Each structure stands twice: as C-alpha cells, then as structure tokens.
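Take a look at the structures below.
Heads up, the next two complexes both have chain A, just with different partners, chain B and then chain C.
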Partner chain A sequence: MRSLLRRTGKEGSLANNGSGSSLFGFALSLPPLLLVLGFVGIPILIGFTFSLGFTKGPNRVIAIIGQQIHPKTHWWGTFAAYSDVFHDSRFVGDLVLTLAVTAISTVLVIVIALAIALHQRLVGGRTASVLATLSIVPLFVPVVISAWAIHTFYGGDGFMRSFFANIGINFPTLTSTSTAIVIGSVWTSLPFSILMISSGVQAVPDALIESAKDCGASTLKVISTVVVPLAQTPIIIAGSFTAIGIMGSFTIPLFLGPNQPTMLGVEISNFFGSYNRPQQSLVMAFIVFLAASGIAVLYIWSNVKSAKENGRI
Partner chain B sequence: MTTKKAVAVSAAIALALGVSTSASHAAMAKVQTVQVYISADTNIQDLWVKTLVPAFKAANPGYDVNVTFDLHGDHDAQETAKLTAAATLGKDAGVDLIDGGFVTTLGAAGLLFKPTVGIVPNLIDVNKTVLKAGKGGIPYRGSSVLLAYNTKNVPTPPKTLDELLTWIKKNPGKFTYNAPSGGGSGYAFVQTVVDKYLSDADRKTLVSSAAPELETKWATGLETLRQLNKYTYGQNGTYPANNAETLKDLATGLVDMGTVWSDQFASAVKAGTMPSNIKVAQILNPTLTGGASYLGIPATSANRNKGARVLANWVLSPAAQNLIVSGTLNGFPVIPLAKLDPTATAAFTGVDIQNLRAGYLSANANDLKSKWASTVPGK
Partner chain C sequence: MKNVEANMGLELRGLKKILGGRVIIENLDLSMAKGEMISLLGPSGCGKTTTLRMIAGFLIPDAGTVKVAGKDVTNLGPEKRPSAMVFQNYALWPHMTVSRNVAYPLKIKGLGKIETAEKVEAALGLVNLLHHQDSRPGRISGGEQQRVALARALVQEPDVLLLDEPLSNLDAKLREKVREDIRELQRRLGITTVIVTHDQEEALSISDRVAVMNAGKIEQFSNPQDLYRHPATEYVATFIGALNRFEGNLVEGRIVSGSDVIGIRPEDLILSSQQNDDALPGTVELVIPRGHFFEVVIRREDGIFKAFTNEFIPAVGENVFVKIKKSLRYQNGKLVG
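And then the complex of A and B:
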C-alpha cells in the first residue's frame, strides 16, 4: 500500500499528466480521513462550541439538562465556563497532580522498560527471557482488576501492611495517595513500553555493538552512544503513548487515588456525571487535549525524523 | 448493471422486505417485548434479571422482557438526552420502562406517561405521598441508608446524629462514609449532617425544587464534615470511592462504623460476605435519608399502554413485592406489610419503612456533591 502510494506520488510529481494518479492516491486515503473527520473531528468541534457557550443546535439538549450552563454573550461565545474552571479551587490541584503523575510514571516506565530491554539484549540468558515474559503479563489483566488488586495489596488490611506488621514495621497505607496512582500507572503501562523498546533495542545490529566494544568502549558507553541513540524512535513512541495514556486514565486514579485532588480523567467524569456540569467538564477535557497534543507533537516529530533517516520522505 | 436488472433487483429487495416485516408483525402479535432500562448497581440488575423478569414471564405468557443495564447510572445524562430528543420529535425512544434515579427528573420535565389507578390498578395500595413525590414515576421499592456497626467493638450504637458525631471524634479512624459522588450511602451521611443545621422548611424546599439560594446554608454542615477528616478512616481526609468499598471496609474490620444502603447490606449478609457481628440501625435527628425507587414509562414509548403498563402493574402486586422483599435484594415494599408474606417482612422490625426521609432533588444533590468535593476531602 505504502509503496503503491509512493509510486503514484512520484509519478504525479514527475509528469504533469499525473494529476489523475495523485488524485487516485488521495482518494485512497479519503475513507479513513473522512471517518476520523466525521466521528472524531465533528464531535470535538461541537464540544468546543459548547464549551464556548453555543447552546443551540446539536448542543440544545445537553444545555437544557446541564447545570451552571453559560450561554454565549458575544458572537464568538463566552469564556465564562473557562473562567469557572480556572477559578475552581479543585482545578489547579487536579492539573498539577495529573501532570506530575504523568511525568513521574512515564519516566519510571521508560527507565524500567529500557533496563529490561538492555538486560535482554546485552546479557540475555534464561533470567532475561523470564523477566521479559513476566513483564508482559499485565497486558492481559483488565485495568479494573489490577486496580482493585493493587488496592487490596497496599490497603489498610493489605499484604504489605500485614507482612511488615509481623516483623514489627508499620508500613504506610498507600491506597488513596498519589503514590498508589503512580504504582498503578506503571503497572498498566509497562508491557506496551517493554514490547516497543525491547524490539527497538533488539534491532540494533550485533556488528555495531561488537565493533564499539572492540574499540574499548565500556558497557555504559555502548548503551549511551550506540544502543539508545539507535533505539531513540521506539523509545520516544513508547514514551509519548505512555504519557498520553496515563494523562487520560480514569480507573487507576479513581480506585487508587485520593478523592481530592484527583486526576483530570476522574474530575471530568465527576463534573459531567455527579455534578452535572457538562460545560465545565468539556473545558477540562480541552485542557487535557491541549496537553496531550503537546506530547503528540513529540511523537510526530520522532516519526518524521525516523522516516527521513530511512529515506522515506 | 443494466436498468432492467436494477429494477428486478430492487423489486426483489422490496418483496423480501415486505415479507420480513409482515413476518415480524406476526411474531410481535404472539410475544410482546418490553424494553426495560436499568440505571443502578448490580444488585438491582440481579433483582430484574434473576428474579422479577423470570417470574413476570411465567405469570404473563405473551410478554418478553429485554433488560438494558447501565452500571451506576454512568449514562444517565445521555439517556435523558435521548429521551428528551425522542419526546421533542414525538418518536419512540426504544425504552418502555426505566428504573433509575433520573426517573423523577424525567417526570418533572413532563416526559413520563402519567400513571393513575385506572391504568395501573395496583397503585391503589401505594402510599399517595410517595406516589406524588415521583412526579409521574411509579414507586416500586424502597431502601434507606442505615448506620452499620461492629457489635464486637460497639455494643451500643449511637442513637442520634449528635451521638454519632461524638462517637466518631472519640474513636479516630473507626468511621467512614464513601465519597458522595461515588454512591448514595456516603451521600446520605453528607446530606444528613448538612440538614442538621437547616430548618424544616429549607429541607423541604431542597427536596422538592432547585434552590441555589439555600446552598450557602450548607457551609456549617460542610465545615463539620471537614473537621471530621482527621477522625475518619483514611489519611488526610480520604474516603472510599463507592458503596462497595465501605461495605468491604466494614466486613474486613478496617472500620467499626459506616453508612450503608439497607438493601446492599442485607444482600451482603445473605451472600456471606458480611460477618454476622456487623449490624445496622437507623439514627435520629435527623435520620439518614432513604426513599422509594421509581419506575418510569416514557410518554413516547410505543408500549406505554401495553407491555410497559402490564409489567409496572405486576411489579406492584403482592407476588412481585414478596420477591423484592425476600429475594437477593431485600428491598422495602411499597404496599402494606399486611399484604405480604409475614416471614419475609420479619426483618423490618426496628426500621420505620413508611417514613423515610427523602434526599434532595437531583439538581441540589449534584451541587452538594460538588461542594463537598471542593471543601471536605484533603482539606
């Protein structure tokens, strides 16, 4: 498919009469594009207009049902709902917690995944395979189950506290803390990152590693100057996917986090459902959207960079 | 494709369609399907799917029931939107009977088929005040939030809210209630503490109509709740996420006291997940809230005068009410106890099931949940 598109694209650029085939290429990409525009783009646009106070048309019913709705006061709308959110005492705490949990968890996930991948690549052997296989297990455990399991494990009557109580140590109750959210987020995000990063690290040719070693490079030097730079693209992809996933997570912070401050995923759901404030929940959703877009830019940049290196564009 | 072929194909399709619609008409005449939409916890799902629906179908051949379940009412807003839109357009929303907290909201918006004794004869046995409060909803079971306590550590439970508040402060870390946005049992405790500082008139207004102007009067109650942070279970004012977690904390002995739903507690006892040393009691001044659950028949339902009405009427019959009382749910009945099986109703001694203190109207309740979240936990 890709080679076909490239060929038609090249023909189109080389010959003037090739506009038909470039149109054909464009037409081939249209169905998914239209699907995304129709089922994702339009609802986002409608949601955005609602956050600005456009309460007619497709937003009419939600505007009737919702509480604390601000209808637009200018032709372009109003920022009243945005002002509500920024003046809400809960919001700053929620935003800080969301960004902090995302940053810390992502760094932890990448470090652990990289460590496992490097161990597998450079040391290898039985332990490495067992470790790599075990680390994939969370992929097959539904998030709600693992969240509840972590909840009971670190809870007031959980394993950790019971175990340490036997040897006279008062282990802290970690549930309802931001630490528990980080533990849960790392647990659920790790498998994907390990798959992604270990495949990247495995792809580094033996010849490069060996020649670096022959030149007298230490293992640390081999990792920092050969393996990691060559696996940079999968690492960045794993990092951006992990960060976006954690930023929008719901189940883990709901079960494991404190009631307040909470992560924005939970707060958006609270505002939409429990407090019946759809406009304010949309405002928060757009803030998360903006933050996630920042990470997405990183992802696209890394993709473009690797495509350039491979001579695809 | 030639024009001739196209005509032939479309004729064939039309024929096939005609045949299939008449076939489905014939099927409908035999068995009428009632679409039931449930927005609740899993115990209510079990009540319908495992108890009421099989009994209804056995008693009423010719009717089938299809249950759609929405856990914890996560899609109440969307469902309300769908029903509102259907009512505006005068179309059938595909739902014939609703069991959920938003039924009274639909009733207040005039979206329900008004039940009368003429249409639903069994309503004659139902308390008129409770029926009126439904604004078009049909009360079919009751439940109340109660104070659960561990008899091993608390031989005599608090009798009033004041006594309870004193007990909580004397026994730090031994009481909990869940976040109001996560479940009604925690919400009931919050509303009860807030109500302590309100006049009877203000409480009545908040139950019956949206009253944002009264919400500033919640401040004293919310401050009382905030001061409880350091005495409740959980560090820095953290609370269980939902009803189930409070029950779990009681069952495992993490806490000695907590607020629970009467029906969920009774189900847990029956299922063996709640040890026998945990008991429930109601408190006074004010009592923890409770009330009827309502069924609603959307005004636009095509089955409103047929299957939906038959099912609603059957649910109010002594046979069905006995199932609600004695089945896995252990709900409160809405018809007089005299009409029910005495062995099933024996459990209600000590709990006044006829005078339940109502929760706020949903708009006020939403505001209270929001205010609690911004003033109490972690402060």
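And then the complex of A and C:
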C-alpha cells in the first residue's frame, strides 16, 4: 500500500496522516498516563524525598507526627534514616527472610506450575484437565480466607496435628513459621502462574515438539531443549510477577508468619503504624521497590529477547 | 532373502488406523525399493498424512506392520526410527540458529563437536545455506527455511526421508525451484523418500511412483506416465489430470446411452476444420489460452467436450470436427478398456 502511494506521489500526505494519527493515539493514552502519574508517580516522589529528609511541603505533617525523623543535612538530603534501618538487626533479619521466602516460594510455584502445564501439554487426558482446573481454584478464594484455612490446617490445634496425634505422631506446628508463609505464598500465587505458564506451553506448536522427537530426542530432552526455551517468556513473566507479589505480600505473612523476623510487608506496616517511624518505614519500602525493580529488569529483558527472536524488533 | 531385505526401502503391510472412531486407513499395503522416491497423493482427508505419521512413528497402527530397510519398526517411537521428516511448516526451532537447528539431531546422538560441525557444514553446503548458518529461522525466507528443514533431516542420514507437503507454503515459482532441488538431492544421495502431497503436478513431476489415495486406501500405485495414460480406476482418471467424463458407451466415435463410464483426456481429442473418419461436428463455445496450449470447449450433439490443442485454434462460434483419438472405459469404477 505504502509503495503504491509512493508511486502515485502521495507519500507526503501519508506521512502527515501518520504523524497526525500518532498524535491522536498519544492523546488517547494521555488520561491513563496522567492518572498513573498523579496517583502513583507523585506519591512515590514525595515518599522518596521524605526518606531523604525533606520534611517540608507535603511531608510537613507526617514529619511532625512521626518519631525519629531525620531532617536533611545537605542540599540533597540525608541518608540518616537509611543508616537507621541498615543498623537495625531486625531489618536485616526481615530482609533475609523476605528474600529467602520469595526465592523459595517462586521456585516452588514455577516448578509446580511448569510440571502441571507440561503434563497437560505432553500427556493430556482427563487427569491433566482435572488437575489444571483444580489448580486455579485458589484464584477465586480471597487471600484472607486461604490464610485462615492454612492456619486451621497446620496450626497447633489444626487438622494435621490432630490427625497425626491420633496415630501417635507429633506433627510439627507450621503456623507462625516461615514454612507457613511459603505454603501460603505458593497457594495464593500458583493459579496465576499455572494460567500464564500453561498458555505459554500450550502455544508451543505440535510440529516443533514432534520434530525434536523425530531427531531422536527423549521426552526430557524435548522439554529442556524445546518446550521450556520456547515458553521462556511466559515462565519469566510468571516468575517475576510471583516474586514481586510475594516480596510485597502482607496478609499471608501477617496471619501465618512468625513475629520476628517477619516479612518486610508486615514490618513496613509495623514501623509505620505501631512504632510510628514513617521515615524508616519508607526506607524499607524503597528497598523492596529496588529489589522488585531488579526483577522487573529481568521481565523486560525477557520480553525484548523474545521480540528479537520473533523478528519484531 | 537377505538380499531382498537389503534392497527394501520401505514396506507397509495391512496398515490400519482408526481415529476418533472412524477408520482412516484400511488394510494398506505399499512397498518401495531402496533409493526410490514415491508420492502419496490424494485430496484432504484421504489418509495420506496419517500414513506418513505411521511411517514416522507419530502414530502407532491399530493393525499391520511398518518395515524400514527390512527392519520392523511398527512399535518404535519416532525417536527410535531410522527415518527423518520434513514438516509441512518446516518446524524449525525459532530460538536456535540455522546451524544449531541442523546440529540438534547430532547432539542428541552424542556426536563430538568437531564431527558435528563438519556434518552440519556439509549438510548446509548441500542445500546452499552456509551463508545463513548463524541466522535465526525467523530472519530467512520460506524457501530457505524449507532447505534448513531438509538439511536437518539429511544430516541424520536416515534410511527413509519423509516429506509432509513440503512445498505447500511456497509461492508457485519457488515451489518449482525447491521441487527440482529436492529431486536432485534425492537422486544424488540415493535416499528412499516418501512425499505427501495433494498437488498432482508436484507428485507426477518429482516421483518415481505415485500412490493415489482415496478414503484410506491406495487406488493405484504406479509410475506417473502409467497413472496418467492407464488410470486403473475412474477415481484416479478424474483425480489425475483433466478428463471429459460421460456416462454411456462409445460407438463409432459417438457417445450413446449405456452403462459404462467413458473418460477422454482433452489432448486425445483432435480438432479440424475438415470432416474425417469418426469426426463429428460441433460448435466452439469457449477458447481459453493456457500458455503453451489452448483449451477449447466444443458442444457436440452427444455432449460438451474440452480439448487441448496447439495446432488448430478455432474461433468462438466456429463449426469444427472433433475426433476421439483414445478413450478409457470404466465399469463399476474399474478400467475395462
């Protein structure tokens, strides 16, 4: 079409139309952009300046109410609140727990979701369908209900301990431990990951799997060299979203986790509300934000790589 | 006996396949010699791809045996069969470069790096794609992708090469070129090859023999010339090439009512402006240029005939004489004369 227009000498008008339509497109996307900027971007900026000791303007009231506030000592601010946080052994313990729970839960979620997706793709049948359907049920159960269900199942007076006590086995109490947070996190994160990874694995064409088999590859080889690399982007997306979600989770660690150390989501809330230390709370939030940004970079890299492979860029 | 088996490329005996409660293949027999190239030709749904997938091992037959080079492979999976397949849409892995695609089967076999590199280079050289060895499949053309798929199959040095509609995604010009390339390579390497196609021109021009399939059975398995000149069944006669088909008998060059089916190839009709033996008059209704010949539609009192000619080209509305040079006679769908 474009070459036809060029031949008829209408390229210029096409270019003008193109530029006009791109402006129109930009105008259409402006309202949500402004909304995100107003409700997310500006609060982030204000919060960040407060963590650096900018206590005037929109931060004036919270600076008066909060305790252990460090006003800025240089034109760019101060790292005093950051120093507070990193010298607090509670925070270091919380950070380690948060990272460990996030890593372990994410790996478990991806492994389970991938196993179900591969079973569904390569074996199929009624069992696979039932399993895939059951595995997304938690998506429809509110997190607080799930947390309570896990509590009554694994708690000191829960089902598991009662059941095993009847046969003379002392089953450990898992609630108020990091294990319970992992169980809860896997339970709540699994459905989304299964949906995401299943769609990625299902999208691998039959012919690509069959051609690998035709070349002599065993099922394991087909999975490791063809299916997983081709479904890499949805796997990374599912992993990124799962990790970011778990890292900032609140309900599950609050209901099921230990008091100390605890996940940073709970600790941020404690510092903000119970301890009235909003500046330190914001510092912790930015540390979580930085860690999540690292995961987001992985997500973007994966998307770019996929686009390059498919010749889109 | 051993000599016979050594010369055997592929043998299918009593193959049967039921899919979704429907019989797709019914008691199919076929054998081909080592180094031969055959086509499975038929319309969509006739069972040609199912047959190919049973040869490749993607489907296990419900009855019958598949032997490759004399060895029974009926119950072996595709990864254990001495065959290699070129898929309809090439099935190249987009996350691997061209050379990695070709090297894949060799790595699976556990070949060393140097040997693998040598074989990959040789295979890519064979299909003239050495300059694309570091490209991704998505970055090369359809014809080149087809050649990569061929190189990946050839590098396995299979006993049987299977091609599933390999040219259907290519444009007409490229299809002709790749077809010639495949035939030339097959002849040079002497590799036993089965090609599935619904394109009769492709099948007739590339194969030593063609198996025309219909409703899960082979109607006729013969060389292209024989298929065209002596189609054993009415189905083959109508499927292969153009045919004037009449229900009736042929008496002194005229179609009269009767129980037979008469088939006449358009090139077996002789047109002239002069009356001669057995020629009957007709009026030209249509003249269509077909490149190196003309298609002429003539109405005679006993029917409408389509003739191919490049000698006498009449005008529309002109009265001409039409003589039937050769005809095929079928009873109950079978050739009787």
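Definition applied: the second predicted complex is superposed on the first by the 282 of 313 C-alpha atoms of A that agree within 3 Å, B and C clash if a C-alpha of one lies under 4 Å from a C-alpha of the other, contacts with A are read in each partner's own complex, and residues count from 1 in each chain.
Here, a residue touches a chain if its C-beta (ideal position, glycine included) is under 8 Å from a C-beta of that chain, and two chains touch if they have at least 3 such contacts.
Since we're looking at a predicted model, the values are computed, not measured.
Touch criterion not met for A:I46: it reaches neither chain B nor chain C. Within the superposed three-chain model, A:F272 lies in touch with chain B and out of touch with chain C [touch as defined at top]. Looking at the shared chain after the overlay, A:E309 reaches chain C, while chain B stays out of its contact range. By the touch criterion defined above, A:A292 lies against neither chain B nor chain C after alignment on the C-alpha atoms of chain A. Counting contacts as defined above, no chain A residue meets chain B in one complex and chain C in the other. Here chain A touches chain B in the complex through residues 61-62, 64-67, 88-90, 155-157, 173, 176-177, 254-255, 258-261, 270-278, going by the rule given at the top.
Residues 56-58, 77-80, 83-85, 87-89, 91-95, 104-105, 108-109, 136, 138-139, 152, 156 of chain C are the ones that touch chain A when the two sit in their complex.
The part of chain A that touches chain C in the complex is made up of residues 205, 207-208, 210-218, 221, 225-226, 229-230, 232, 309-311. Chain B makes touch with chain A in their complex at residues 73-74, 76-77, 80-81, 84-85, 179-181, 233-239, 241, 249, 252-254, 362-363, 366-367, 369-370, 373-374, 376-379.
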